[in-house]
Each structure stands twice: as C-alpha cells, then as structure tokens.
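In the two complexes below, subunit A is the common chain; its partner is subunit B in one and subunit C in the other.
Coming up: the complex of A and B.
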C-alpha cells in the first residue's frame, strides 16, 4: 500500500487538526503526524466529511504549523502489540518505555478499542481476588471478572490504597498479573505508586502505564484502552487472572471533555459530553470471564469525586456501570478509611463461601454491616439525646464500631494480611456482641468462632472453658 | 449511485439516495443502518454497528424496507442482540462484519385447522413444538384455508399453509416501530402476580399495565426485575437488557437456566426471550432493542399469551436517543434530550395492554421499565415523564438499600393506580380479606412513618406507649413481611396465598401488642418480647 501524506492542514484548534483534500480516509483511523524537525505525533480520526478529516492529536497541537507538517493515515484503527513482554515494564501513557528498556513488541497486535464481548459467552464472575486488605476482603470482596470502583473525595489516600491492592492482590496460587494505568497523576503521586509497585514490577507480574499530570492530556484517551488490550490478551490468551487498576478516571474524563468542548459539541451535565456513559462503558465493560477460557479480567477504576460529590457525573455514571464501589470517607480516622456502609461489592456472593474463602463469609459480612448500621443509628441518636441516654444494646454496638475500626480496618500501607488473619480479626470484632445480637450467623459458625470477652448473662461458666481468649484488663 | 459523504461515529450522512423512505434500512460497507432524516436526496443514517473504517464515497445500498424483526419459534429460550440476531450462535467477541443472521432451522409443525374452512385473521393454523412447554402458534391472515401441510418437520421458512391465497410460514417479519394490531383493548383489571410481597399486596400491577422502577445505582433495580422475570405468572417473559452490564446478563442467563418453572415444570429459560444489548455493544442497536423486544412481546400476545416485557434500563434507551440527537445537531430540550422525549416514552408504554387479539384470544403485554436517574435525582426528565405514563410506580430507595432491606421499594414514594381494583379481584377470586389486609398494612406503615419522624426529634422513649407499639408494628411489617430475600430458596417467591397468610401472622402479632398496650403493659416490655417466630415465618415454607 502506498501511504499518502497530506500536508494541507486547514485548521488547528485545541487538540484538533482539520486535514483537507483527503480521500479514502475512514472514521476512527490512526494517523501519524510528521513534524519538520523529524519528530512524530499521533492522532485519531474523529470525523470525516467529504474531503475533510478531523483528527485529534494525542500529544496536543502545540508547536504545529499548517503547511509544515504532513499527515498519513494508517487505514486501520489504532492497534496495540500484545504479549507477555509487557510484564515487568514501565511505560508512558501510549505504551512507550520509560524504564530504559527496548520498545514492547509483543507476539501479535490487537485493536485498542477492543471488540464487544458477546454477553452469551460470559460466565458470571466467581472466586475471590484476595487483596490482603482486611476491610475489603471481609466486606467488599473483589470477585474475578468484576468491575468495582474506588471513590474518594480529594485529599484521601485512594491512590495509596489502589497501589497497595495492586502490590498485594493474588488469586490463591493461580497465575496472576496486574496492569496499572495512571492518568493525570502528579509526579509525587506517581513516584509513590512506582515505589509501592517496584517489587511486583521486578517480579515480572505487573505492567505500569504512566500518564502524568504534565503529560499530554489527550493521550489519556488511549491509556486505559491500551491497558485493557494488554490485559485481555494476558487473561484470555494466556490464562492469567489480571487485575486492571485505572487511576484516576476523573483525569480521563477531563480529557474527553476537552476534546468535546473543542468540537463545540452539545454539552450534557457539567459540560461533559452526552456520550460519557457509552464511552465509560466501552472501558469498564472490558472485564469478565469467558466460557472455555481460564483467565479473567477484574477492573478497579479509581476516581476522585470532585468536591466529594457522589452525584457528580463521573462517579455517578461509573457507579451505574460498575458492580459495586469502595467508598473512602474523610470521617474515618484510620487507614484505609473505607466507609463500610456506603461500600458494596454486588457480586460478592459469587466470590465467597465454602471452598472459596470461608463458609460463613457472606453471613459474617451481612452481620457486620447490620451491626455497623445499628451503631451508626445509635451514634446519630447519641448526638441528640446524649450518649448516657442510650440503652445497653446501643452502647454495645458503639463498642463494636470502635473495635471494628481498631482491629479490622486499621492496617499499615505495606501490610498484607492473610485471609486467616482477617477472619480471626473479624470474629474478634463480632465477639464484642453477645450471641443474641448475632442472629444472622449460623449456630455452627458461632460455636466455632464466637468468643465473647465478657461472660454472657446467665449461669457463669468456669474460667477457661467455653469463654476463649480474654483481653487482660 | 448513493454514497457516503460524512461519518461521525454512528451518524452517517448519505447523498443521492433517491426514493428512500424514513426509517428504511440501508447497508453501508455491509453494516446495517436506519434512515432517520431526509432532505431531498440527502439522508442521515444511524448505524447499528461500530463504524470504524467507513469513509466518504462508500456505496450505500437501500433495502426499501423498514427495520423489522424476524419472529419465529427460535425466539423462545434464545439470546439475541438489539436487531434480534442470535447471540448464542455468534463468536465470543462480536466482529461487526461477521454476524450470522437467524438460521432458519427446522421445527415440528402440527396443523390445527382443516383445508376448506374459512378462518378469521389471527387464527392459529398450526402449532410448533418450540423450546419448553409453551406451544408456538402459527397465525394466519383471514380467508379460506386453501391448503395445510400434515404434521411433520419443516424448515422455518417453508410454507406450511395457504390461507386466502397467502402463503403462511412459521416465521414472519414485522417492522419494530409499528405496534402489531389487535381487535380491542380490555379494561377489566386482572393482577400480574410478581411473587414479591411488597408489590403484590401494596403496589400491584395489572396484566397489560405498565410499571416503572426508578432507582439510583446500587438500589437493586436489576435484582428486583430478575426476580420478577423468574417468578411472575406470565406465559412468556421478554427480557431486554438495554445498555446495562454484561455480567448482569450472564447472571440473568445462568439464573434462568438453572431454575424450573413452578407453573409448567419446564425450564424457566424456555419461556424467556432475552434481548441483550449491553453497554459496550453498539449504541444505536440499544435504541432499537426496546422496540424489537416490544414487537416480540406483541407477537406472543397475539398467540393468546400473557407476556411480560422487562426493559432494563429505559434510561439507556433515552440516552442513546439523546446522544444521536446531539450528533445530528438537533436543538436540545430538557437536559439535552430531544424535544420528543415525552412523546417517545408515552408511545413506548402505550404498546402495553391486555387485548382481544385479531384471532379472538385474550393476551397481554405488561411492561416493566427500569429507570436509572442520573445522580439519583427523581426529577430528571426521563423519570419525570415516565411517571406520567405508567399506572404503577415502584420507587427504590437508597437508604433502604444501604440498610440491605430488599426489595428496596419505598412504599411512600410509590403508587399503584390499580390497587383498589386489583385487591377487589383477589377478594373475589378466593382470597377474601386481601383488600382489608393490604389496607391495614398500608395504614400501619403510614402511621409508623409519621411517628418515626417525630421520634427522630424527641426520641422514641418520649412517645406514648401505644405510639411506640405502632412504631414496633411498622418494624415488624418491614422485617417480617415486606423484606424478602432473593437468595433464600424458601422466600425468593411468595404465592398470593402465602402473602396473605404472612400478612395475617404479622398483623395478629401487632394486634396482640396493641391489645397489651391498651391494658397498660409498658411499651418497653412489649418491645422486648421475642418476635423471632413472626420474623422468621417467611423462611418456613
């Protein structure tokens, strides 16, 4: 094929270039822009109208001059090399190496946009991903093939948590991998993420794509798609369970809004384009399990809620697409500040239970949530009537909430807890309550694990029998 | 020669297209699209596939016919995309350029009429053994039966009868945007039993009615609709997954496959037609999918069946229309939606109905539409307009969902305009006391709701004993009656008889407490009684 180079650039505006006199250029084609000094930039065709092609320039249009650049069109959408060669690499937002290594070639290429997965071939997500973070493993378990978002107001440690999950997560001995795509992170945040993930990168289990706050904004439109294309191949081609972390999706949506504004499109809520839902879905839906293939793609988008507003279009539309959310709250003083009542893993039932985590897991999570909800009500009530006016049951539940924050939630940023330890701690928290308050748990589980620290009302049992571990007073 | 002049995502403009009509189907580069605007010989086309690589100059092939649904016995038990192309026989990743159509297949045909007889339009000339226990009926146009084939296996497209000179096959096509005709609409209210206590007792929907389910994310819309798809007493369920999650559809399919229909003993999947256009599939096919689903529902209605059409979510359909309107440069009205939003919603729900079919049978299409209000804002245009056109509204509440109270239906924020008539139907049809029980439950809940507001201000202990017992009663009703677990085998479905019995059990316990309070027993003592038996009654078959 002869590559035609077009030099008649009619207009440059924001991230857009209008190329005149084109023939045979199709929608969504990948373009290469040649600069006079020998450099190149890249673009995607957003619209073709007779002999005009509208191209969004991924690296921005700064310094481009009409008449001194040439544009060639590849005749196909943007393709990404895929293969195990990505593992262990650190690259920029377009997949070019930042680690001093050679370019990633891959064993094949795949279109970055992906093809829609036929819903009739999907398998419902099942089996857990263990993150080593107690509050998540216990209450909002990640399920292989699920998409679940981390929501946080500005200033909360959501990146730390995402990096900790990326560093620690595993699939109980089955082949595992992580693709971490950063979009619009500051240098400080990015270096924190790099440090946290260094060991896993060195072990050849992780791919890191970094688009920083100072990097070209429009490049972010491709970063998550490259990450997912690489992940899909690792999962469905090579049989790994792959966790994809996309941080921060608010940065991605801003890039989308910038392009939309430059095109003078009709704006929808908060000036985001009307197609934001479809566009986010084209990213978030690229996870799951597929019949007859061993691997899975699990997606963890991380996003800052501007102004802490969960009804802002980005968290709102994300929440409508993802299967649950992990919400961080500034009202929780321990790390990780996960709000257990606002957080939910919708597919958790399929990922926990006998043979997966622990037989009592679903009941235990439901019981803890119910008890914490009661504690929250008691706390509200105490604000009106004073803590002294609370009944004994309400006071017990406030104690439980304290034990929950102290014994289960609070965790070091580099601490990975086994499932065993998480459950030991969860039962220690529940043992603050007497058995009568734990109606959601079965008798067998209570017999095996419930160890109240204080003797229950009724006939006293001799010390040391049936009362289990006691805290020294 | 008609050719493409402009491509902008799913919007394609075409020039020199003579003689084409609005909503005609065209093919561009092998991909299907629909004409949505015509100016002289220039047309705007919405494409039903990803348009990557489409370019100006490509030839456009006009089919001269509107988008129509292939209707046939293959539908039952199948999974299809928004254009009703089978997904269960398509590859794992959907390439727009290699999509198989509905294979004809061969089916066992049994004649039901003899040659020489005159029949009215819509009369079944034969039945087909489709998947499951619901017989698929082949309906004829009116006229004298000229010829009918003997029982046997025939290709779906073969002529099985000739009626009034017209060849009749087991399949037919119908333009999706036009309602299938019926003889008359029936006004008599008959309830659709959903198997969900809070709905059947307090907020019932009639056969042929329309209900909307608004709720923010995480409130359990899809779980509730899945429960209804599994357990409602319809003959055929059409489940349209419109712009929603792929994993959810996988769950719907897995759920249906594993469950036996309590009414027929067959597989639930075999009474179900799934139209799946998940949010990562092409956007404009999402717009078409609610209409193809509706056409399928009407097709089975005409065989004399009660059909439930579940559209999850109508908001995604409205958003697809908005997105396209924006690309086409239409002036935006409310929140960017095109100006015909209200009339499009009205026209969609208006296709619901319980009717006498052309052939004289009784059939119905009940429409249940999920609404996903952005930001949980129930005043946004899609929710606001939908509320105007439905007779039943099931509003889901985020606080209930956070407290894991499912189904998270807020009784106060919901309505059923057929409640009285449908309660009277239960009273007449062998469940005396239904209307009284429903009214009592509703009144107690309303009173408890009012008192809860007061209690938040002054503390529950400041209330008089009787009022405290009413608060307790509200709690018992919510926990023991209205809350229903989709995961518990004993509780996922509740027959009307059991619903009434349970309501009786809980109401009797409340009456006992009220009687105690009246005799001067302190509320504290009443509250500390053991209600485990009342609360667990729903779990014990």
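Coming up: the complex of A and C.
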C-alpha cells in the first residue's frame, strides 16, 4: 500500500531515464513516473546495473527534468486488469479509457507479455468463425484458434474489411467476442473503425484499443500484447470464442524499429531489429485452443505491404508464422478486393464440412479455386490470341470468373451474409459451368445444388487449354 | 438500243430496289437494336442510381444510428466515472477525517514505522498537513498521507468498485 518513490534521476536521454540508488528492481519491471504537476507517465525497466536502473518512458521524456520527478517500480512486469469489464469499452493503446468512462477494472490482473502455455495443453484449431464476408467464408474460412493475416498493398480498403469482419463475425451461436487493436491509425481511419464497430461495442461484445498515429510509438509496442492478454482471459477464463484483429501490424513493426533504434541495437534487414521474427512470433503464437477450456483465441493481423512488396520483412516473417493469408489486390475491381488465387487458409479443412459448415464445403472451395485458376490462364491466353480464338471451355471459365466477382465476391461494407446465402451464391457461380467441368464435386452435391442456367451443350470438346478451337457456327 | 438495254435497266433497278430495301431493313433492325440497348442502359443506370440512393440513405441512417448509440453509451460511461470519482472523493474525505479520531496518534506511529520499513531507516519522516506522514531521504521518497492511501485503497478494490453501478 505504501509506495517507495526514487527521486534521483541521473540522466534523461530520448525515451530513456537513468534512475540512481535503486534496490531490488528487476528487468522488465513496470514503472510509474510521477510529474511535479500530479501527472503520470509509464515506463519499463530495460537494464539494471548495481543501483542503476535504465527505464524506458513510454510517453517519452519531453518536458521532464531530473530532480523534479519520482519513479515508482511495481515489482512485476506490466500487468493488465482482465475480466468482462473490458467488453464494450474503447481505450487507448495502453488500456486507458477514451470513451469517457471509468478506468477498466478487472476481476484479476495478468502479465501483458502472456503466460507460457504448456504445448501439450494446446488443441489444434477446429470449427469455423463465420465472418459474413462471402469470399472469406467460402474460400478462406477462419478456423477457431487459427492465425491468418490480411495482406494489402497501400491504398486498399484493408481497414474497412478488418472492421467489417470484426463487426460481423460470430461463432454460430456460441459466446463470442472481438478485441480490435488499432495501431498507428490516423484520426479519420480510427473514426471510421469506431463507427463500423459502434453497434458491437454498444452490445458489449467488443473491446477497441486505439493507438493513433500521433501516440507514442512505444505504446504501440504494448497495444497488441494488452489486446491478447484481455482476449486470453475472455477466451480461456470466460469461455468465449474471441477474434483478435491487429491492424495494422506494419505500424507495430515500425514502432518496434524506432524503439530498437532508440536503444542503439544493431539493425538487421531494412533496419528492423534482428529479433523481429521472434517478437512477431511472441504475438502471433498467443492464439489457439486449450484442452478442457471451451473458448478460443483466433488472430487476424492486418498488414500493409510497403510498396506492395510481399517480400518486405514484415509480411515475409508474418507469412512464416501465420497459418494462411487473405491477400487484397488492386487487380480486383470489386469490394472486398480479395484475390482468391493468392489467398489460402491452411487449416480450413479443420473448420469446414459436415456438422460445421456444409458437407461439400472443402470440395466446393477447391473446385472454385481450380476453375478460377483456369480462368486466369484463359485470360492470359486471350491477351495473346484474342478472346475470339478461345475454346468454349475457356470462355465458360471466363464467364465463371465474372460471375464469381459479381455474385460471390462483391458485397457492401455493411452487408453480412449468412453461410446459407454464401453457399447459394457459390453454387450459382459454379452452375455457370456444365456438370462435366465440375470433377472435384461429388455426385450427391451436384444433384442437390448444381442448377445450370441454359441447357448443357451437346458433345463436349476436349478441355485442352489454349487449343484455339473455334466453336462450330 | 434503248429497248435492248431495257431488261438490263429493269434488272439493275430491281437489284437496286432490293438492296435499298435490304439496307433499310438492316438500318431498321440496327436502329431497333440500338434503341433496345439504349433502353436497357437507361434502365440499368436508373436501377444503379436507385440502388446508390438507397445505399446512401442506408449509410446516412447507419451513421446517425451509430452516433446516437455512441452518445447513449457516452452518457452511461460518464455517469459511471462520476460515481467512481464521487466514491473516491468520499474515501479521501473519510480518510482525512481520521485526523480527528482519538486513535490518530497511534495511526501516525504505525504509518511512520511502515514508511521506515518501506524506504529505509535513514528517511526523515514528518507529519503531513493532510494527515499521515511523508518520508524523504537521499534519492527516495515515501508518501503515506491519508488521501493518497485512500486513493490506493480505492484502486486496489478493482472489480469491487463496479458494484457502484451494477444493479
């Protein structure tokens, strides 16, 4: 109850403060810095040497003067209150309220860095999260406990899509919650995200952490960790399926780079710190399911690829860790501009099928992807030989690609589609092709759902690609 | 000569007539098709405009609804914050009231001891006008004044504080 404050600050430099005369202070301890006017700032212990402690001040040291501030150490790493009190709240990147409400009180506290989980307790991801976005639910289904990233070139509506998923996603009637951590957003973007998520916030199903572009970068480094700590308790303590959206992780990594540079660490690729991979893993690996606990944490990091470069360190290292990606492309002219051929949910088979979505889901997704791949090849070929020179099978596939974009992908930003509607649309798209072209689907599924619009053509021509056959006139 | 050429002229005339009729028919067909295409396009533009109008209206309504919800929620949260601040104020007041308590000197002694235990024996301890004690030493400070202790007590109640506004 009685706190000991250290007042001998030997030096302030950049975001760092050197405190002298400390005893019993440990590495990574959380500190509170008290200002003469009564304000407070927060810090983390980076290094301890005898009676000297090096403290990184999260909000920066601007305006501070040695001799006029006091530093109190908490005796433990940064801890976050956890509990249902977070649901329905809008806070800043450190978890302080932005919605005019009281501070978030929890039923307990948990270290923001997360508790290590016994690997033997982990369960593989299973069962779907329905996002209400047709192209994702049909082709790259989110699986509970999975980590799957949204990759986007700058200028694409990745935030709109992330907010739409956060606003609409559900776990088919089971308790569900969303933790949305926004990192490095502009005021306009943050306002858009808040509007999109308002209904869900008011319903007490969402936690929104907003770290704006003007907020201290070091705060941004803590934001995803706070989000995950809150989510872990909602999931494994309170039995909810929790979707954690981290937007945008490129902003996080840039913050990490700045902090690393301030610490004078040796820079690695593109000046990001050498530990970028393990740092990202320490975030991404906090999702999953735990044996004997009903909830799950599913992670949806959003990344902008600087210059559209998928080999940039941030998307590159993220791709190593995550279990799939949803790629947005400027080549796609409709919203959401998901590129189906570049997107993949690696654990999708664990989340779809009979009793989960629809029995034919995996086959249907594979068939759609195969047909779209053939349409892409036909389109390339048409650029060389002209569309008239394509065979009828190639032309049918081009029609399918058009129907796919128009009927399945195109969706309003406020439109949530049921799984039923998504499947109706997907079958309508596949029905552009004759039954003979749909070799990946079982006879029962085709009998039940395949409804070709026009009578099927007579004898099929060989399906060679680029044969250049003309249809008989 | 003229008579000899008459069949040819007649044939040429007939052909020209047929061709003209064909051209006219084609032109009519083309006109009809252009007309139909224009009508289809007009209908499409009209439908798109209607849809865009509907979408715009829906977006506007959604914005207004979001704003109303936000206002409502803001009012509830502001009331909770006020309740907490009032609770904190009363706790500080009640703690300050201990100065008039007959047990206050004993409390001061206990606080002095606790402050020494926390900050070391070299601390210079003095009583604070707000009640409680403050200890200062080389590079160290211990604040055990009554309002500060009351604040910490409220903070440590954590989840219990929510009972102020829960039904």
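In this text, the second predicted complex is superposed on the first by the 446 of 473 C-alpha atoms of A that agree within 3 Å, B and C clash if a C-alpha of one lies under 4 Å from a C-alpha of the other, contacts with A are read in each partner's own complex, and residues count from 1 in each chain.
Simple rule for what comes next: contacts are C-beta pairs under 8 Å (C-beta built on N, C-alpha and C of every residue); 3 or more make two chains touch, one makes a residue touch a chain.
Given the structure is predicted, the values throughout are model-derived calculations rather than measurements.
When both complexes are overlaid on chain A, the residue A:14 reaches neither subunit B nor subunit C. For subunit A, the partner with contacts to more residues, out of subunit B and subunit C, is B. Once the two complexes are overlaid on the shared chain, A:50 sits against subunit B while remaining clear of subunit C. Applying the stated contact rule after C-alpha superposition, one finds that A:370 touches subunit B and leaves subunit C untouched. With both structures placed on the common chain, the touch criterion links A:6 to subunit C but leaves subunit B unconnected. Applying the stated contact rule after C-alpha superposition, one finds that A:237 touches neither subunit B nor subunit C. By the touch criterion defined above, A:201 reaches subunit C but does not reach subunit B. In the superposition on chain A, contact of A:384 is made with subunit B only, not with subunit C. In the superposed pair of complexes, A:102 makes contact with subunit C only, with no contact to subunit B. Subunit A meets subunit B in the complex at residues 23-29, 46-51, 75-77, 113-125, 145-147, 265-269, 274-275, 277-278, 281-282, 285-288, 290-291, 311-313, 316-317, 319-321, 323-325, 341-342, 344, 346-347, 349, 366, 369-370, 373, 381, 384-385, 389, 439.
Considering their complex, residues 5-9, 50-57, 79, 87-88, 90-95, 217-218, 241, 243, 245-251, 253-254, 276, 278-283, 316, 319-320, 322-323, 326, 332, 335-336, 372, 374-377, 402-404, 456-457, 459, 487, 532 of subunit B touch subunit A. Taken in their complex, subunit A has these residues touching subunit C: 1-8, 20-21, 70, 81, 83, 85, 88, 97, 99-103, 105-107, 194-195, 198-199, 201-202, 412, 414. Contacts from subunit C toward subunit A in the complex involve residues 55, 58-59, 62-63, 65-66, 69-70, 72-74, 76-78, 80-81, 83-84, 111, 114-115, 118-119, 138-144, 149, 152-153, 156, 158-159, 161-162.
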